[in-house]
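Got a structure for you, written out below as structure tokens; questions coming shortly.
So that you can tell them apart, the chains are marked A, B, C, D, E and F in the order they are listed, and the count of residues begins at 1 in each.
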């Protein structure tokens, strides 16, 4: 049993650079086991933050990337056929509730409604998870906490969390870090110089200003780390930016010109 | 058999603060085993009320959070494969009917029609549940009662209970409690002072006035309890309100400003 | 085998108050085994009538509440996995055809087309039910008769019985009973006085006049029985009417006022 | 093996009253094993005609009522799980092809496309049925013939046979019989007098003139037989017509008045 | 193993009357194993051509009639449950690739996209078929060739082959044969006189001119063979044409009149 | 275990003619294990490029042709039923991650969302693949790299990669090669003379100019190789071009004339 959960422990401290008071607020929320919702754009560090908090709190972390074909059974568990007949296998949410892990549902709005409704009894004062197919009622371990992520600018009109789900979570806003903080992150993660890292951040800032004016999303911190890694691997900075920053996010010739021009300005 | 049902007994009295004559009306309805429908907005205490009534009546309570992917089999039961072949497993509705529990179908309108039609024979004078796949006809235990919840402001045009379902239930209206009652609830549940609890309720009342004017739902009692818990955990009241009351329910900048202003007025 | 069917026998005479010549017409139809369709609004007594006829004719009755997720297999039967391999299990329609019961498909229009087509060979002169998956052709027992119900005011444009299905049935119209008859029914079923019963019927008649003018359906006989039961259980008549007659069928404030006014007129 | 097919033999001559040269044309078509399509409205005798031809030709008849949830496997066959593992079970089309029966697919346009495409190799000069899941290629028995029915006035725009399917069949048109012929049929089938039968046919003719002017379909021969049966069972002729002819096909008050007037004219 | 494939060998030469250089072009395409697409209307001889080429080349032929419910597993294969557990069974495409047959996917555009994508690795220089569920990579036998058919006038806007699929095939156009050639085919296949055959072809030509002017498709060669067969079976020529040529393809009275007039002109 | 992966090794060097610095950029990306996205039209050499890179890097290559019916289980793996019960079978992505192969998801945008979300944890710094159904967390082998292809001009409005997916990949653009390079490729692959190869490329260039003016896609390099192969097999050049270049991509008479004219210009 402890083997199942131990593989979800984080053994080395993840690098995370706090931006505001998000660490303290999350700790307070955890102290009262309030379910938390992390809001913010793609690639700004939400997943890393959860890893950091799990490490800091000393709890295992089970991450589930949600998608529209995920069913409640994928979260809760299912019966498998065995030599002795059927055998129950806990899903990631049941494991987290049973053994006391943080359970992080990434992009939960992508999931079907049954997946979101299944978390309701875990997010009010009952803190239970009914395994209806098994006829068992898991009372959540005292260490258990539920965390979900949510990208507000991203949801279509057709897909949004139900109010009755939203109201079950406290919420923290995330965004791209300030220039100096993001530079520090890029330099730390890729080993480029601070000067190069700062240039990369400047390019990203130009792209982020184009969000909603031809770009669906700006260039994320994660993409800057990719570009920096290519530079460290010996690729010319301009080429590295084209491969890692420009070409992946747009096929529109005008947008590509605008982004290429931003690259040329700094390199 | 008694083990199956005993896990659904409520051992300690749930805290419930009656608002009007809802307790007496529910008791009368139970005395003639009239199926009941609880109407009201998210987080105003319907679930807690059912727990309280189950405890008061001394009956076990089986709660099912309904969702659009739930099938009739999830309620009624199914055959599982065993070492000896297939074995029938009662679903939560069959357990409740067989052993005499209150069965509470939360947000029943979310379920598919087959789930709502399956309850019809349990809600007229027949009081039976046909397990068609098993070829068994459960005659409901004399203690059995069906309770459903329903959020009238919430249903889309596409999703509503059929008239032939609605007519099978008596109905009780729920709403957010009066100021003093809600203050008492918050103070009792979180251990904040009555003064702080009253301020939280005042913020909620402002938000509830915005319902339909930019907000889909107001701030619920449950959210106030979250905010109070964070305050008791040492979080600054303004921050606690932002994390627990404002950020979860809206991403609209104007709405956020309006709600933040309400928070600043009281804290 | 006889055990399977005996649980569907009706041991005590159901209370049914004939309105016109529906009993004689049904008996004649049964004498030539004409499949019958009962038309009428929700809760006006169609189900009770079928129970009464089954009791009067001395035949078992198998009732199936149809829904849009019901498949032909749910009616006809399916293979189950057993310790010895697969085993066929008759569905309710196959049981009725094989052992000679009345089979009552309630709200058949809700079912998917495969469910309605499956009854065709049972409703013409062949009177057979092909179990295609099993490779068996059941010749219907001479006692077998098919009865379906249908709510004409209720069907959406998208959902209607096919003409080739309708033409296979004789039809009887049902409606709410006349004032005196309905009063007699309420008094008999709930033990309220005739005076109270008559008032309840008067309230219902007002609501039925609002059908199509803000109400989808009027107040049914079944709802009046609920209200009467609450009154007998000691609930104040006005409260009983609100819980059992008004709140279940509408959330519209104006409609609620109109119905509450009707209640105040009589109590 | 011969047991499987023998249950589909028709032991007594079905009553069929030829209208034109349809019997001779079908015999010629059968002599060259041309697949045949029977076109005509609901209840005009297509099914009876196929039964009559199967009896006359001395071949077994396998009838399948098609529906939109029927899959190719329902026609062709499937693997079933057995004590020794999986076992193949021929579907009705495979049985007919293997042992040499007439296979009658009633209302084939209701079926999904895979069901109609599966018959293609049986309807050209190959006359084979590939059981792809079993890896077997059935060469059709020399007695095998495929017959389908089709109601031209009935198909929606969304549902029609593909041209590549239609072109694989010869076609015979069917319609309601002439007055004298239909009178003869009603009298023969129900034992009412020729006078009463003629009146019933006259009522039907009036209704058929209303087709497309408020009625989707006219009154069919089958319905007249129902009405006649009720009269023979002792029901008053007017009541018999209302139950068997008028109420089943329309709920429109004006249409009901028009049809009731037709009934009153003749009875 | 050789048994599986031998049942797909064509033992007697199919009758095929070449129209242009399609035989030589196909042989050249086969010599370099170029996948081929046969384009043309329903019933003009595409299937017969493939049979003729398979016979001429001395290769087995596996034909699959595609449909919109066919899955990739229907082509590639699946696991079946056995007394010893699961057993893999090759689908028709896997059999053809493994043992070296021509695989003919008839009306491939009807299939779902997964069915068309599954053929991609077989149609470029890799010539492999990955059995992903089995973890096997079939390298196609050197005799294997893929042939698909396609009816250009027939595809709806919603259903077309993807360009990335089309580009993997060489293409041959087919159409109805010239008058003399088609006459020769009809006479050969049905044993009617050349004079009668020529008249049938003339009727077909008139109908083909109505294509797009009230008829979706013209009268095909296959239908003429049906008509000729009925005439040889003793049916009057006019009746044979009505049953085999006119009634199957249209229910429009004007179209029927136009086609009947064409029949009367020649017979 | 090594057997599973060894069948994916490429034993002979694939022919690939570099166009720009794409080989060096891919090598740098592989050195930091950056997931890569190859963008470009159908048949321009993306698949060949990946094969070449896998051979050059000395790593096995697992290619998956994506489609809209592919599920996450098709990539990740599933339980199979065995004589001893269920047995886990790795899918192609799990094999690649576990044993260290390049995994190439061809036309990934065709897949359902669950298929694209499942690759997220493999494409950030975690480099893990959670097998949720098995309860195992695969840490990717250090040799593992993910490559996807994407045709920008081809995606419909309804189908596009999510930004949160795109941002996880570096991107390389591909297009048809320059005239001399493409001529060299055609000559090398088909053994036609350089003169003939150059004419074929000229025809393709004309067709590519028609893209968006009546043609959805131009003539690809792959199609030119087909045409060259037919010429080498003895087919007249004009016929070879018609069969391999013109007829497959359009049925529009004007387009066919334009393309035929281009063929006549050069041959």
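Assume contacts are C-beta pairs under 8 Å (C-beta built on N, C-alpha and C of every residue); 3 or more make two chains touch, one makes a residue touch a chain.
The structure presented is a predicted model; accordingly, all values stated were derived computationally and were not measured.
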Touching both chain C and chain E: give me those chains, sorted by label.
D
Across the interface between the identical copies chain A and chain B, with over half of residue numbers shared counting as same and under half as different, the residues used are different
Which chain lies the greatest distance away from chain A when centres are computed from Cα atoms alone?
D
Approximately how many whole Å separate the CA-defined centres of chain D and chain E?
30
Taking the mean of the CA coordinates per chain, how far is chain C from chain F in Å?
60
What is the distance, in whole Å, between the centres of chain B and chain D, each centre taken as the mean of its C-alpha atoms?
52
Two or more partner chains touched - positions in chain D
81, 84
Which stretch or stretches of chain D touch chain C in the complex?
4, 7-8, 42-43, 47, 63-70, 74, 78, 80-84, 89-92, 95, 106-107, 110, 151, 154, 216-217, 219-220, 222-223, 226, 229-230, 232-235, 239, 243-244, 247-249, 251
In the complex, go through chain B and note every residue touching chain C.
21, 25, 28-29, 31-32, 34, 37, 39, 71-72, 79, 81, 84-86, 112-114, 116-118, 120-121, 124, 130, 132-133, 135, 137, 152, 163-164, 166-173
